[in-house]
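Below you'll find the structures, each written out as structure tokens.
Look for chain A in each of the two complexes below; its partner is chain B in the first and chain C in the second.
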Partner chain A sequence: MSQSPIQRVAQATPEPMARRIRGLSDRTIAWIFVAPTIFLLLAVNIFPLIWTVRLSFTDFRVNRPNRDVEWVGLENYQRILTDADIWHTMQATAHFLVWTIVLQVLIGFTLAFLINKKFKGNDLWTTIIVFPMMLSPAVVGNFWTFLYQPQIGLFNYVVAFFTGADPASFSMIGDVALAPWAIVIADTWMWTPFVMLICLAGLRSIPDSIYEAAECDRASKWRQFWTITVPMVLPFLMLAVLFRGIENFKMFDLVVQLTGGGPGNTTTLTSIDLKREAFEKWRTGYSSAYAVILFVTVFGLASIYVKALNKVKQR
Partner chain B sequence: MSFSVTEPSARTKWLAAVLVVGYALITIAPLLWIIATGFKSPADSIAYPPKVVFEPTLEGYVNLFTDRTRATQDMLDAAGEPKTWYERIVRAQGTVINGPSRYGERFLNSVIIGFGSTALCMILGTAAAYAFSRFRVPLKDDLLFFILSTRMMPPIAVAIPIFLMFRNLGLNDTHLGMILLYTAVNLSLSVWLLKGFIDEIPVEYEEAALIDGYTRFQAFTKVVLPQAATGIASTAIFCLIFAWNEYAFAVLLTSGTAQTAPPFIPTIIGVGGKDWPAVAAGATIFLVPVMVFTILLRKHLLRGITFGAVRK
Partner chain C sequence: MKKLLNDLLRLRRGPWEMLASVLIALGVLMLMQPFSIALYTWSFVTTLTGTVMFVIVSHFPE
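Moving on, here comes the complex of A and B:
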């Protein structure tokens, strides 16, 4: 094993000096520095996770602590996977996930492409566009209910202004057909800047020389776009999709404030459903199994996706 | 200016500018609407068509910070003449002040929990990031991945056992409990970001310091920390914003003493009907600091939101 320069100097210096150089050994410091972080993460993340898995095999209920807890094996899992309501929830989540990602990728990439034209003042406008994603989703969701009010809401007024419809005739969060789109619109408003920023980094990472070479080869702008810009930005775009995918699969705060999962259960995303089972119906064992299924789903999908991402990067 | 094939033409730039500015105006409109609604009277806030021009009033802000009831004649007689400007505003609505509202407390809770968890997170995070960056830690990659993966869990999924654990430890609805929880959630972000920032500081500086007789710990505090100051500051702002905005844990684990502003703001209701100006005022006071921080963070924004995966 080769020695680091420090060790070599330490050995070559006279004794009193060397002791001062060493102080605590590096290994001790490394452990002192890492241990508190690992400990806290174990206590607040891993320990609860293991506890969730354990609870998922029982019929424990938090609101009845004195009742005997029975082991029910895989019964909770079986009930969840055969429950029609949960498949409905999954569909609502899928609708939300797919449409938010499609819209955010399209709008975000277009914006990044335009900002990359380096017009004067693009920094200022970029900062303004970024504001929504930094704000508290719960507070924003709550306020969007105001924008979505029939008649008095700004959103309804603007839509009515451009379409000629009566602003009191539709309710974005009260209508079964419109509510799934109400949450897609609010989330897109909030998170498009995220995709935009990442795409912008991708676009800025492409060296000018590649375009110059393409220009010499008389490649058309259209061809340059599809053979240079898109493939070079793709790894960045996929990273943005990964982040948005994970975040929106977990989505809770914005939507729970916006629609509360309603009307009916049209916008009951998995996290909202889980919260109801765990903290309103107090079916702790059942909802623990639910949580485990969700976590495995996110983790599994994310792992497959990361593999695909690495393949794209290697190309 | 030298001619370049990659420089967009003036016309392209102009078109791009128009489209981007158009989008920016649309995206900022709801935010300006929140701020404006805070200064409207309740009647103006629900007027049709929505009022762009209106007479500004502090009614919303006064209502936000006070707890009021509709006044009967007896109460008005007992209260006497209004003494302060805000009493006059409240009296004009036909209500009297019972006392301060809970918004002040909730906001203070957000400040205490936000800054407390950020401070703790930075102390633990900087140390861990330094160790991961400079030392050969066994299973380093696994530990780093483990730290990242803690962010993939839906908060509701871990909330059940955390709720049980906190109840057993007496940490439910306490500032300490929330500070520890937010610290743990933010550690993944801070360790990954800070490791990136510390990786960028050349090792030679510390080696020079060690040869000059500094101990490893002194080299860390006197050489590395000052060099990483910008990185540490931006990471701290990210942690602060996350703790500030967090809702799911706050709504499940706090109800009284330690409740932060995000679960509280949506519960604001007025005397007779939803008091939108008060809600908007509460939201404005809560959201504007974040906008200021966003401007400060401009340069490191991308790095922060991608856990350091994308660097500019």
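Moving on, here comes the complex of A and C:
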């Protein structure tokens, strides 16, 4: 009779080792399997976090490793939280965060709602809409830099076509008032498909029978939308907002490629500023404190958001 | 209001989580508002208090 692979492995195991394994409880064996992952998690996630918190209380500079490191207490935090430039950076980040999320949710949900209707070429349109999300942020940054060119950029010509303004009369990237919107538009173009896909998953999870029951009760389309579609898609939408919120709080590559944080520091988001402090000015202790402040903010927001999400799911 | 205070005193999770959430939200608003640098200065302490409180009170009984 042929043996199963497990039996063959068991027979091939040397007797002393087999005896040792037979003596282990299920719990111990489970721990043996889980331990490498836990170790990796501690080494890659938890240790750097604790080390960053420790560094944030020092004046350590990574480009001068042989210099004596001094314990400065809360001085780094005090300097960051009284710095008007960093305060401005936080406001730029808030502007970017709020507008990208609002636009992506509105456009993403609308697209999902339209794509969810059965029509010819549905799959082709889904693929075309999802395309920007598949590109690298560096490519999207470069691409939009060309689109925003005052002389040859397509974006300026489209705006000029609708408003009658001269295409060369404004520069999306060079203008202090327009640059924050330039990054919002590029990010919205790139990531709206992601929100659309999540909303589409939500819309497709609603059983047709609920709409049929509503039709029997003579509920209008408008009423069906507000009492069936929106409440059932809400957990998915909230999840999309959570993902995009966390991602956009850390936004770096697209904005660096597009505006480099300029003009002046109008589009300098916190992650760009943090990178400059850490790897251009080499103020490691200071930038560690900066990173801790951002971490606590995102962690706090994510905590209350997950709580709200669970409440919505329970309803 | 009396019930809320009562639940807070009896260390119930709901109202304490609500209080922590309000502190976090307030802290984030203070961090990103464009009106007062004094509010910005105190934002981190507020967020940190709320976050630590949230982690602790999420272990309270319902």
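FYI, the second predicted complex is superposed on the first by the 274 of 315 C-alpha atoms of A that agree within 3 Å, B and C clash if a C-alpha of one lies under 4 Å from a C-alpha of the other, contacts with A are read in each partner's own complex, and residues count from 1 in each chain.
Keep in mind that, in the parts below, a residue touches a chain if its C-beta (ideal position, glycine included) is under 8 Å from a C-beta of that chain, and two chains touch if they have at least 3 such contacts.
Nothing here was measured: the structure is a model prediction, and the numbers come from that model.
Using the contact criterion defined above for the overlaid structures, shared-chain residue A:90 touches chain C, although it does not reach chain B.
After overlaying the two complexes on the shared chain, residue contacts for A:77 are found with chain C alone; chain B is out of touch. Touch criterion met: A:154 reaches chain B, while chain C stays clear of it.
Legend: residue contacts after superposition of the two complexes on their common chain; A:299 is shown touching both chain B and chain C. In the superposition on chain A, no contact is made by A:237 with either chain B or chain C. The wider contact with chain A, measured as residues touched, comes from B rather than the other of chain B and chain C. Contact with chain B, but none with chain C, is seen for A:212 once the two complexes are overlaid on the shared chain. By the touch criterion defined above, A:185 lies against neither chain B nor chain C after alignment on the C-alpha atoms of chain A.
Where the contact sets of chain A with chain B and with chain C meet, they give residues 299.
By the touch criterion given at the top, residues 5-6, 9, 17, 20-24, 26-27, 29-34, 36-38, 40-41, 43-49, 51-52, 55, 62, 107, 111, 114-115, 117-123, 125, 127-140, 142-144, 146-147, 149, 151-154, 157, 167, 189, 192-194, 197-198, 200-201, 204, 208, 211-212, 215, 236, 239, 243, 246, 249-250, 252-253, 257, 270-271, 274-275, 278-279, 284, 287-288, 291-292, 294-295, 298-299, 302 of chain A touch chain B in their complex. Chain contact summary for the complex, chain B toward chain A: residues 4-6, 8, 12-14, 16-17, 19-21, 23-24, 27-31, 33-34, 37, 46-50, 124-125, 127-128, 130-132, 135-137, 143, 146-147, 149-165, 180-181, 183-185, 187-188, 191, 207, 210-211, 213, 215-218, 220, 241, 244-245, 247-248, 251-252, 261-263, 265-266, 276, 279-280, 283, 286-287, 290-291, 293-295, 298, 301-302, 305-306, 309-310, 312. Chain C contributes residues 17, 20-21, 24-25, 27-28, 31-34, 37, 40-44, 47-48, 50-51, 54-55 to its touches with chain A in the complex. Across the interface of their complex, chain C is touched by residues 77, 81-82, 84, 87, 90-91, 93-94, 293, 296-297, 299-301, 303-304, 307 of chain A.
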